[in-house]
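Look at the two complexes coming up: chain A is in both, with chain B in one and chain C in the other.
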Partner chain A sequence: MIRFLLRRTVSAAVVLLVLAVVLYAVFYLAPGDPAQLSCGPKCSPAQLVQIREQMGLNDSVYVQFWHFLQGIVTGHDYSTGTGTVHCSAPCFGQSYRTGELVSDILVAKLPATASLAIGAMVLWLLLGIGTGVLSALRRGRPTERLLTGLTLAGTATPVFIIGILLLMLFCSVLQWLPYPSYVPFTDDPQQWAWNLLLPWLALALVESAKYARLTRSSMLETLAEDHIRTFRAYGVSERAIIGRHALRAALTPVIALSALDLGTMFGGALLTESLFNVPGLGQKLVQSVELKDLPVVVGIVLVMGFAVVIANAAADVLYALADRRVVLA
Partner chain B sequence: MTTQDLTAVEAGAAGNPAAPAPGARQVWRRLRAQRAAVAGTAVIALLVLVALAAPLLSAIEGQNTTAYHPELVDSASGGVPLGSFGGISGDHWLGVEPGTGRDMFSRLVHGAQISLAVALGATLVQILVGVGTGLAAGLGNRFVDNLLSRVTDVMITMPALVFAIALMAVVPDSFPRPLLLALIIGFVAWGSISKLVRAQVLSLKSLDYVAASRLAGSGTWRIARRELLPSLVAPVITYAALLIPANMVIESGLSFLGIGVKPPTPSWGQMLSSANTWYEADPAYVLLPAAMLFISVLAFTVLADGIRTALDPRAASRLRIGTGRKREEAAS
Partner chain C sequence: MSAATDSAVDPAATAGLAEPLVEVRDLVIDFPTASGTVRAVDGLSFRLEAGGALGIVGESGSGKSATAYALLDLHRGTGARTGGTVRVAGTDVLGADDTELRRLRGGRAAMVFQDPLSSLDPYYAIGDQIAEVYRVHVKATRRAARERAVQVLDRVGIPDAARRSRARPHEFSGGMRQRALIAMALACEPRLLIADEPTTALDVTVQAQILDLLHELRAETGMGLLLVTHDLGVVAGSVDDVLVMRNGTAVERGAVSAVLDDPREPYTRALLAAVPQVDAARPVVLVKQRTGDERKAAVEAPLLEAVGLRREFGKRQDTVTAVDGVSLTVRRGETLGIVGESGSGKTTLGRMLVRLLDPTAGELRYDGRDIGKLGDKALRPLRRELQMVFQDPVSSLNPRRSIGESIADPLRAAGELSDKAVVERVRELLERVGLEPDWYHRYPHEFSGGQRQRVGIARALAPAPKLIVCDEPVSALDVTTQAQVVALLGELQRDLGLSLVFIAHDLAVVRQVSDRVAVMRAGKIVEEGPADAVYDSPQHAYTKGLLAAVPVLDPVESAVRRASRKGLAEV
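What follows is the complex of A and B.
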């Protein structure tokens, strides 16, 4: 187990480093002068020179990249002309546009993204597992055909189509819900849930299709196994067979997959966030790319990569915990 | 089985490499035995036809994608099309765009061009890069394998949409957009196909016939071309068929975020993005591109399902070919 964790940590670090290099290279090659972006349109040449000096833009790209990596590990001090700003340990630099610390932006945007991801996951697990189990139990009947059709439609629908349709239905035709606008959980939990209902539902409807398919095939596989037949022969009730034995075995891959997907969601459900105006990491990323705000883009993408890498490892551990036959190596 | 393989298994791509792949005629017969796959193929054929004939279709209607028709929208309400269902008329078969009054039918059929071209182009890039790196990793020495596998890991780790967005931002605007989209989507999402090919190569490599070929004096290149590639065709096609609808969704997503094709080039994702402010006043403007995108993605998904069943050696019995009852049971 310790060897596994160690190996995973090293490989995660390598993946993130490669990612950082690629991102840095891509944006260094990008047209546009960071000093100009940071200084704004009415900028005197003297100011520009000063800002270049402050941002370290006169150093070679290797030195700049090295400073960037150093900042993540040890923190960094920035001179702002009037004084210095300390950017503590995971330091991803400052926004070119607003001068905010990227780490502050990340902390500010994370709650909305986390709210969206976790709520959606609860919903998609309920929907997906429920549908999967039902269609496995009703095999060959009309219910199963209907559910199979629905799941197929679900896998084929981009999340923004479902999202717009939900908005049309609930906000325009039925007028049951106001147009969603994000309210932090700490301000008002009830309004928080109410406003996130549609984005949760949109994500869950799309994601649950995958889970329904996985649950169904994994249930059918388990139900066909010999030990289930033996349980039946011993007179164990069908309810106990399905609830206690078949479902448990069938859920192993589902749990592992949901850990992976949660990691991806933490990377920001870009489309959902931008459609429903959820002020999370994904929305910020899209805005920052449009503004060519390099430090913010690199910071957000690295955090996303981090989430996915952690989720990958978590999925493997969960898999091993749920199924004793799997050996971590 | 690790969790990374889960999606591949779910996709049915982790087939047994030792089992003989069915021949082309047999595959075709098995594909035809599935009603859903036939329907999907028909829809795709129609779609390709519409995309190819888009300029002709617009000409028959007598409209184009860019002409503004301010007289057809109600300026008092901010530009809602006059008439029912988004202003459907003899001149404008599917109505006009709110705000500008541009012809919807022309824009939708031209949108099919972008959607298909980008999705297919990207899939081609993914196959080339994925098979290339997968073969190299599977046949190369330890160093090459390690290096390529780490790069592949990064590609699989990063959500394709995020990577594509970051890349789109740095390319100059003068680069032709549809080509750029195909290249970028292709280059950010080849990881899983590379992993699949590498795994297949590793297990094929240990089989006797490959060893025999090596003993007979074949070099690595000859083995890759003559002995391995034929066995890779079935799994790669199965997987590539799934990539087409996925690429279509990525393209529409990028255009939806405003980072895809540039206006005034019409794209379904971009139409949906501007429709987001109109769904109350003009529902037709949302429903038309949504329906086109949904039907296209669904058709390709269904076909991919059918191809997987047709190429799966175990599925033959379930299809009951030749018994007169060509029931499509395998779609399950």
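What follows is the complex of A and C.
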């Protein structure tokens, strides 16, 4: 177990480092002068030179990257011309546009993304597992065909189409829900849930299709296994067989996959956040890319990468906990 | 005891007697398949009196397992159609509603399955699974059910049952798992135990232990036993009556001693004749006739020689030594048999002999030259001379390629023949192993197990090898097919002067084919010598134990051996 954690930590560090290099390279090569962006359109050449010096843009790209990495580990001080701003570790730099510290932006945007991701996951697990179990039990009957059709439609429809349809239906036609605007959980839990309901639903409808299919197939596989036959031959009721034996085995891959998906979601569901106006990492990322705000983009993508790496490790641990025959190494 | 009496039961004769434990009349089982209905059981009738023991014997596809399943109507809900009447412990099985059926299943009649690993839920502790079943039938608290589980586990001989009951199935050995399944069956004190090939997946010594356990339990609890098996040796010592099945009908039935000693039906006789006998010397026909000179040459020039061959798997503290310093020789034109139980390292050894696995240490000399450390490139010319036949004829052939193509593979790899010549050679080979040359374009699924193994042999023969390692080549086959494949191997060896290494867990089969035999245990060869010498006067205690565990066809002899095993155990 210790060796497993150690190896995972090392490989996570390598993955994130490679990610940082690639991002840095892409944006360094991309057109546009960061100093110009930072200074704004009405910028005198003298200001530009000063800002260039402050931002360290006169250093070579390697030195700049090195400072960036250093900042993550030890923190960094920025001069603003009149004084200095301390950016404590992990420091991902400053926004070119607003001068805000990237770490502050991340902390500010994370709750919305986390709310969206976790809520959507709960919903898609309920929907997906329920549908999957039902279609496994009703195999070959009309119910199953209907559910298969629905899940297929779910997988095939892009999330923004479902999202727009949901918005049209619930907000403009039926007017049951207000157009979503994010309310932090700490302000008003009820409004928080109410406003997130549609984005949760949109994500869950798309994601649950995958889970329904996975649950269905692993359920059918398990039901065909010898040990299920054993319990049938011992008079155990069908309900207990399904609930205790079949579902238990069928859920193992579902658990592992949902950990991975949650990790991906933490990086921000870009389309969903933009569409439903959820002020999370995804929305911020889209805005920052448009504005060529390199430090913010790098910061958010590193957080995404971190979440995926953590989720991968979590999926492996969960898998091993769910199935004791698996040994982590 | 008259369990398997005549199928036409006279109502007047049975009216005064208590109801039999099992009564099956005109049982018909149909399995609908894509290509029409397959009738697995066709008008079968038999009965089993309370406390009696009946063996149902047959080859694969005879309908014996389907019959056993019908006793608990396990076909219900699977799409199979059952007809006739089945009465078990007073329940009309086929007519019972689900609740009534559930009461019967596990309560009054319990079943033990073939593969004890897959028959238990891998996610739960064994004790919990037994407790769960117990609570289905008996009103008991969780704690009481758990105690009952420990009690029955202890009864079937699981050491330290209280602690081991918390283990999951994968932490048990094969024999322990089968004991655990039997414990589950015992939990509710059933009147009938149905055992479907309970020992087929087990080693001989473990098989003997399980059969002894069943025997003891029957004497102790007075429950009836219905034992389904393909192995005539297994029924000999374990049941009173036997019913021989073929194509869904009963071919012959009667007291086990009568059927085995003096079979009336030709099919039964053929079946018995095909069973390899561990105490019979190798049939003379199979021995290659050698002149004195040839014999001398053979002794002088070993074809393959292993010296201190060793193989480890895993790293550092997890290292497992599968083969631990094995030295052996295979001479030209002879068959070396390697016997051992599962985990003895015989397969690892076999793979090293043809260099499918690299030895960790030791020397492997082929034709006097050390090939143990040769790289892939240097080995390539030798690959054709060292071939292998695998155990599972299903998974060792590519299902998406025709058998002709599979056999042609080694020829094409050699790259010496034109396409036309390759096809011609494959057709020859097919004929050589007793298949139709025109079957070149057929696919593996169109063949039976025995035919597929012939394809595997043809593939091994294709590059004209000097040595073939056969790893359990017949253990997946029925006795009659097994006898045919063994005969084919002997014939090929005689005609082509091949050297064979024949690896198997079945001591009788190995004796049948081998000139010399090596007995493996825990990665080492414990005894080696001419086959007859090893079998008739074994020197090592392990060999003696193995031979004592082999089931024999004679019920009287079987009882004697059981008693002697018991004596050994108690000393």
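In this text, the second predicted complex is superposed on the first by the 329 of 329 C-alpha atoms of A that agree within 3 Å, B and C clash if a C-alpha of one lies under 4 Å from a C-alpha of the other, contacts with A are read in each partner's own complex, and residues count from 1 in each chain.
Keep in mind that, in the parts below, contacts are C-beta pairs under 8 Å (C-beta built on N, C-alpha and C of every residue); 3 or more make two chains touch, one makes a residue touch a chain.
Nothing here was measured: the structure is a model prediction, and the numbers come from that model.
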item: Chain B versus chain C as contact partner of A:69, first or second or both or neither; value: neither
item: Partner chain in contact with A:248 - chain B first, chain C second, else both or neither; value: second
item: Chain B versus chain C as contact partner of A:122, first or second or both or neither; value: neither
item: Partner chain in contact with A:230 - chain B first, chain C second, else both or neither; value: second
item: Which superposed partner A:61 touches (first chain B, second chain C, both, neither); value: neither
item: Partner, of chain C and chain B, that touches more residues belonging to chain A; value: B
item: First, second, both or neither for A:107, with chain B first and chain C second; value: neither
item: Footprint overlap on chain A, comparing chain B with chain C; value: none
item: Residues of chain A touching chain B in the complex; value: 11, 14-15, 18-19, 22-23, 26-27, 29-31, 148, 152-153, 155-158, 160-161, 164-165, 167-168, 171-172, 210, 213-214, 217, 253, 256-257, 259-260, 264, 267-268, 270-271, 274-275, 285-286, 289-290, 292, 297, 301, 304-305, 308-309, 312, 315-316, 319, 326
item: Footprint of chain A on chain B - complex, ascending; value: 1-4, 6-7, 10, 150-151, 153-154, 157-159, 161-162, 165-170, 172, 245, 249, 252-253, 256-259, 269, 272-273, 275-276, 279-280, 283, 286, 290, 293-294, 297-298, 301-302, 305, 331-332
item: Chain A-touching residues of chain C, taken from the complex the two chains share; value: 72, 74, 101-107, 110-111, 113, 115, 118-124, 132-133, 136-137, 168, 170, 181, 184
item: Complex contacts: residues of chain A adjacent to chain C; value: 225-227, 229-237, 240, 244-245, 248-249, 322-325
